[in-house]
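One chain, chain A, links the two complexes that follow: it is found with chain B in the first and with chain C in the second.
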Partner chain A sequence: MKKYAFNEITTIQYISLINGMTVSFGFIEIPADLHKKAGTGGLISLLLGTLVTMAASLIVVQIMRRFPNGTILDMLTRRVGKWAGRLAAVVIAAYFLFYGYIGIVYSTRVIKARVLQETPAYITLFLLLIPTYVVARNGFRVLGRYAELSIWLSLWIPFVFLLVWRHTNWNYLFPLLERGWLPILKAVPDTFFYFLGFFATTLFYPFLQKKEKASFAILTANGLTMLSYLFITILSFIFFSPEEMKEVNQPSIYMLKTIELRFIEQVEGLFIVMYMLIFSMSWIPPFLLSSFCAAWLFGRADHRLFLRVLMIGIVLFSCFYVPGLNTTYALSDKLTKVGTVLEYALPVPLLLFFMLQARISRKRSRRRRL
Partner chain B sequence: MKFPSLFGQRKYRPAKGRKPAATAPLSSGEEASDALEENLGRIRELFGDASDLNVRRLRIRSTGEEAAVVYLEGLTDKNAINNNVLKPLLGETDSEGVLSVTIGRVGWLTKWSDIVPAILKGKSVLFVEGRAEARVLGTEGWPQRSIEDPQLEASLKGAHQGFVETIEQNVALIRRYLPHRQLKFANLTVGRRGDTRVSIVYLADVANPEILKELEDRISQLDVDVIINTGELAELIEDNPYSPFPQLLVTERPDAAVSQIVQGRFVVLVDRSPGVLVAPAPFTSFFQSIDDYSTRWSIATFIRLLRFMAFFVSIGLPAFYIAVTSFNFELIPIKLLLAIGEYRGSVPFSPFVEAIFMELTLEMIREAGVRLPAPVGQTVGIVGGIVIGQAIVQAGLISNLMVIVVAFTAIASFILPNFDMVAAVRLIRFSLMIAAAMFGIFGIMIGMMVLIGHLIALESLGTPFASSFAPIRFSDWKDTFIRAPLWKMGRRPEGSRAVQSDRQGPTRPEGDGR
Partner chain C sequence: MRRTAFKLALSLIAAVCLAGCYDKVDMEDVSFSLVVGIDANEENGIRTFTTIPVFSKNAKKKTQELKVEARTLRESRDKFDAFSIGSFNGRKAQVIVFSKRLVQQVPDWFRYVDVFFRDGRNPITPKLVMFDGDLEQLFRYQSPDQPMLPLMLIGMIESASSRSESVKTTLQELHRQMYDPGQTPYLAEMSIEQDAKMKGTALLDRKGKYAATLSLRETTYLRMLQMTSGPAVNLTLPLPSSLTKAPPDKSWISLVTERVRTRIKPSYSGGRFRFDVRIRISASVIEKLSHIDLDKLQKQVEAACAREIRGKFEELIDKFQASAVDPVGFGIYARAYEYAAFRGVKDDWGKAFSEADIRVKVLVSFADEGSVK
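For the complex of A and B:
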């Protein structure tokens, strides 16, 4: 049974998808956030958060391995019941819609603040929706290629940041445990926000070309995410003094202001615009996943109708209201809570349930044989 | 008129207000009679007063039968008819009572629906009194040009033979490079009225049979009057005809075509057209030129990279100019900005109008240069130099920098080796300029994202158009962005989905020293 043939995602594409979805605007936000919550010790929180995330994503892969030819929706329908599948479809569709919406609104706000000050926010948002539709209408295979290409085309980013290297001071980093271990541990759940997105595995899994490599791939993706966060966080921490860190908003962008190049006066504007490729990973895949779930719910193979409905909905809604940056932060706090439950907590009982079910059915069949 | 091979299954309806054509309806199964006069009468009836129809009556010397040779004057080889048909028939050579002529390709036909097209395609037909079968003689010989250097794709070191308008010649040109029994041909006919011969050439043990089937399906489903040129066929069978990008490569060079065949691709020859189609053609193949393989690999690599750079310059430079001069002043250094301001001070137009005006002028000059006959063509250069040059700057219409930008884009687009790709680049350039005029650098980025999204979704005969960078295939990079040394290219590109990918061994002789 190959329900989802033709739509294959290679391992590199899968890594890029998960990595792109998780990194996206976390790259801009994470240094300030970590510093606020745990000082320079936030680095340790980040490492611990990564470990937890890796465990959680392995659990997700373990769940999916039990039913390799279907998404989590097919799986729940088959193993639990029709309504469980439908409920999951509604929940996941809503979750990814929310996820993507925050992504696109955040990007809109950053652009509005730093590049297009005079253009109304909703117009910027419409513009962002155009490439979204062009990519997302073609399904997972093209999405995979897009993710791959976005990552490759963004490999210059670390090198730009290395240009600020001579302004850094390693002493800013110490003492690491200024406020003790407690704030560091407390900050761990807050890092989860920056790793949200690996749950998409539950929908990507049947499309993977090499399913046996899924665990390896998701660990690689998490590892890459951690590396990019670690890179930007350490760089911010040694670039800004602890006092400055408290003042500066979006340090990753602010840092670029010090770069002087012969041919470009202001690097940060160009950076934000070029960074769009990575930003877009925080809403193009979620919107596609959301419309995929909706299409599944109504038993249709073509997700495009739902994608169009979703886009038109966002356009109409945005005509009246586009959340400001502070509202977006508040919304992303909510997303963290929902996401922690859905992506980190829920898979554990689900896996236990499936293991139990498998054991019971095995026992039953053994008893029958006896 | 029922005449399936020529007119399809459509019912014959005489045009209103006009006299119906003089020909009587021809039923599909109608056969030639054994009476010579009856046959010739039918021929005259069917061809009307065609001025080039020639009916040569004769009496076959050896058997004494009355006969007639029917052919169209301009489409046949006179030499062959005189020496190889008429001479043997009128001479004493036919001792066995068989109609023997010294022509290679002969056959027997009985149905009018076969005989008439044969005559129309340049064969001559021999009717003999008392025989219901007609002898068809392959005496084709139409006006054709000799084999010349391909004009559109000049090459420094490549062969100087280009394809011509006759399919047999083109097949021969390909066979000369690949005298191998696995070189196979799939022959098809396209067109209700044109009966264009189309031939798919491939290496049977290398090329992917699925792609062949897809290609054959697409071509055989065509329902058109006639295919005049390869470009028409390309547009009809392309995956996405609404895209600005060509998804099939058209080349006039036999060496380029053969190089594609050995990479596991398919070449489609179209009779009467000097261009052949290469399919599937990924995006990167539009940046390859046959000279790349005969120059030193380091130079070829440099030129390849230069072409990709030129692609982006040609697409984005005018848009970038518009963006920085009307939106994103902060991007360029203050010194340069002041210099631009100085030049632009006297220009009455906005950067967008300025750029659109200059780019359109450039397009016009280019288009004029293409169609004008050579003696007049020189004038274009002189007049063009005034418009894109010092005079227009002195008149205060256009700024200095704009002229430089236009000249730069023009040169960048001249580097690209494929004409169709350059055309796509020109279209995209204008849309990016509009995006830049409306939203500055952000507009350009949105445009680029749409472009990327479009490019990765395109397919060429069911294989990804953006192959080798999305999906990423590092092994194919040896012959896309760079040109690796020939002996390193041991495998055929993955993008062509060849079933036998081993191309060559690492067979570079190392010399005696090692």
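For the complex of A and C:
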């Protein structure tokens, strides 16, 4: 039974999807966050966080390997019970809705603060939703293509950042262990926020063209995420003096503001606009996944109805209220907590449960044979 | 049919919304402030100046200069707005001029430029100058043989800085220097004597208060210490009479540096920081006012030049230590490699620096002796 055929995504699309979802606005925020919590030693926290994430993603892939032709929802229904599948659908739909909402509000806030100061936030948000619908209504294959395109179109980003090279000073990086090991270890769970999104594997898995490559793909995606974070974090740490780092919000954008080119001013404005491709990965896939789960819950194959409801809901809500940047940060803290439980912690007992179940049923069948 | 109608409706909505981009600005409707001047008033508040280019055929003067009293820069924008034709806007500011009085008298004056950092659309790349005198003098200054004020200021800063005779501190660099405990801020200084001219570099202390001025020549040495000197720095040095067999101060040699490599090694012992500074200069001889034979005496002349340059560096460092400022950023090295000791003096690095033991070593080697013997 191949329920999800004709909507397959290739390995590279899958990598782009996971990489895009995880990086998105983390690229703007992570240096300041790491520095606040662990000084320049935050680099070590980042590496440790990547290792934990890689382990967690492998666990997710291991779970999905046990039921290659269905999503986690189908799997829970089959193996645990109908109610478990439904509960999971509600939880995952809500989670990705929350995830995507934070992404789109954050992007709106950045545009509002840096590019379109006088345009009301809800109009910016509404305008962002139009391409979202165009991409998300077509399902996973188009989404995968969009993700791949976004990544290819964003490969210029590191080169722009190299233009700030003359302002850097490697001495700012030392001492790495300014406050000892404790803050570094403590900051590791905080890096999880910047890796959230790999859980989408539980829904993407049946659509994968080459399922045997899933583990490799997810490790590559995590590795790419780590590389982009490492790049921007090291650059910020050698660009800002340690005390200055505490004074600057969104260091990645601040750095670009120092670039002076003869033919263009305010490079950061252009950057933000072009970076929308990556920003959009923090809400387009989650909104699609959310409506996919909702459609599954009601047993419908077409997710578009739910996508429309979701978007109209967001637009109407935004007319009355668009969270401020600080509220968005507070919401992301909540998302970190929920996400850590859902993406990092829950898969472990789930995998153990499935392993146990498999063993019991194997024993049973052996006994029957005897 | 329904699909087409839907698409049409969608694009219509998009078109309507896009037309509502509230941030559209037409050039004709804006007055760009290119130079912002901040002076202290009598109550230690600020008085702001600006100059706006006038795009009009009929205008005799190509710029409009304005002066207002306001409590903050953003407030002064509203006041400027009343004078200017278009809506006034500081997003294209190229140069910010602080008066010496502001830097000297107003405590915590750096907070006045906060709006440049906080407002996401303001630039943080304007170049900074400290003006020794009344800003009124600078903004009313109209030399018949100079271009308009913004262009003149930019040109002077750029050219002096590219020859390493002054510094090009941008707003962003000042921000870094102000927040870095291991370094003190510095910015270009200018004044009007006969004509507008660069004076050198103003050194500020940890709190941003004016501390000392470096001449153009001293700035060259500062830039070499900072490793920010361009590839071609001019040095004119006297040759000692022991070598030239001529009366002293009559023989000169001019060098153009090809490469300057500076290494600073920090250490800490007995409650005192020590910095070993090693500067290797390879240079070409570009001028020689002496009959000395460079082929024969190259090593000796190189050593004599090194001694001379070393003396200049030591004088300069003595000057820093006397006014407890560290524009080179020795503290950055101390922080990176002697953090335990640095942490104790972090809040008063200037004092710790003035007590530090700094030893300079200079090596000069000639790469080229020129096209005549």
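Throughout what follows, the second predicted complex is superposed on the first by the 370 of 370 C-alpha atoms of A that agree within 3 Å, B and C clash if a C-alpha of one lies under 4 Å from a C-alpha of the other, contacts with A are read in each partner's own complex, and residues count from 1 in each chain.
The rule is short, and it goes like this: contacts are C-beta pairs under 8 Å (C-beta built on N, C-alpha and C of every residue); 3 or more make two chains touch, one makes a residue touch a chain.
Everything numeric here is computed off the predicted structure, so don't read it as measured data.
When both complexes are overlaid on chain A, the residue A:113 reaches chain C alone and has no touch with chain B.
Once the two complexes are laid over each other on the shared chain, residue contacts for A:244 go to chain C alone; chain B is not touched. Once chain A of one complex is fitted onto chain A of the other, the partner contacts of A:273 are limited to chain B, with no touch recorded for chain C. Once the two complexes are laid over each other on the shared chain, residue contacts for A:258 go to chain C alone; chain B is not touched. In the superposed model, A:149 lies in contact with chain B only, and not with chain C. By the document's definition of touching, both partners, chain B and chain C, reach A:127. After overlaying the two complexes on the shared chain, residue contacts for A:319 are found with neither chain B nor chain C. Of the two partner chains placed by the overlay, only chain B lies in contact with A:138; chain C stays clear of it.
When the two complexes are overlaid on their common chain A, residue A:172 makes contact with chain C while staying clear of chain B. Touched by chain B in one complex and by chain C in the other are residues 115-116, 119, 127, 130, 265-266, 269 of chain A.
Residue ranges of chain B in contact with chain A, taken from their complex: 328, 330-334, 337, 439-446, 449-450, 452-454, 456-457, 464, 466, 469-472.
Interface residues of chain C facing chain A in the complex, by the touch rule stated above, are 10, 14, 17-18, 20-23, 91-92, 120-121, 123-125, 170, 172-173, 175-176, 179-183, 329, 332-333, 335-337, 339. Touching chain B in their complex are the following residues of chain A: 10, 12-13, 111, 115-116, 119, 124, 127-128, 130-131, 134-135, 138, 142, 144-146, 148-149, 152, 262-266, 269-270, 273-274, 276-277, 280. Residue ranges of chain A in contact with chain C, taken from their complex: 113-120, 123, 126-127, 130, 167, 169, 171-175, 178, 240-244, 246-247, 253-254, 257-258, 260, 265-266, 269.
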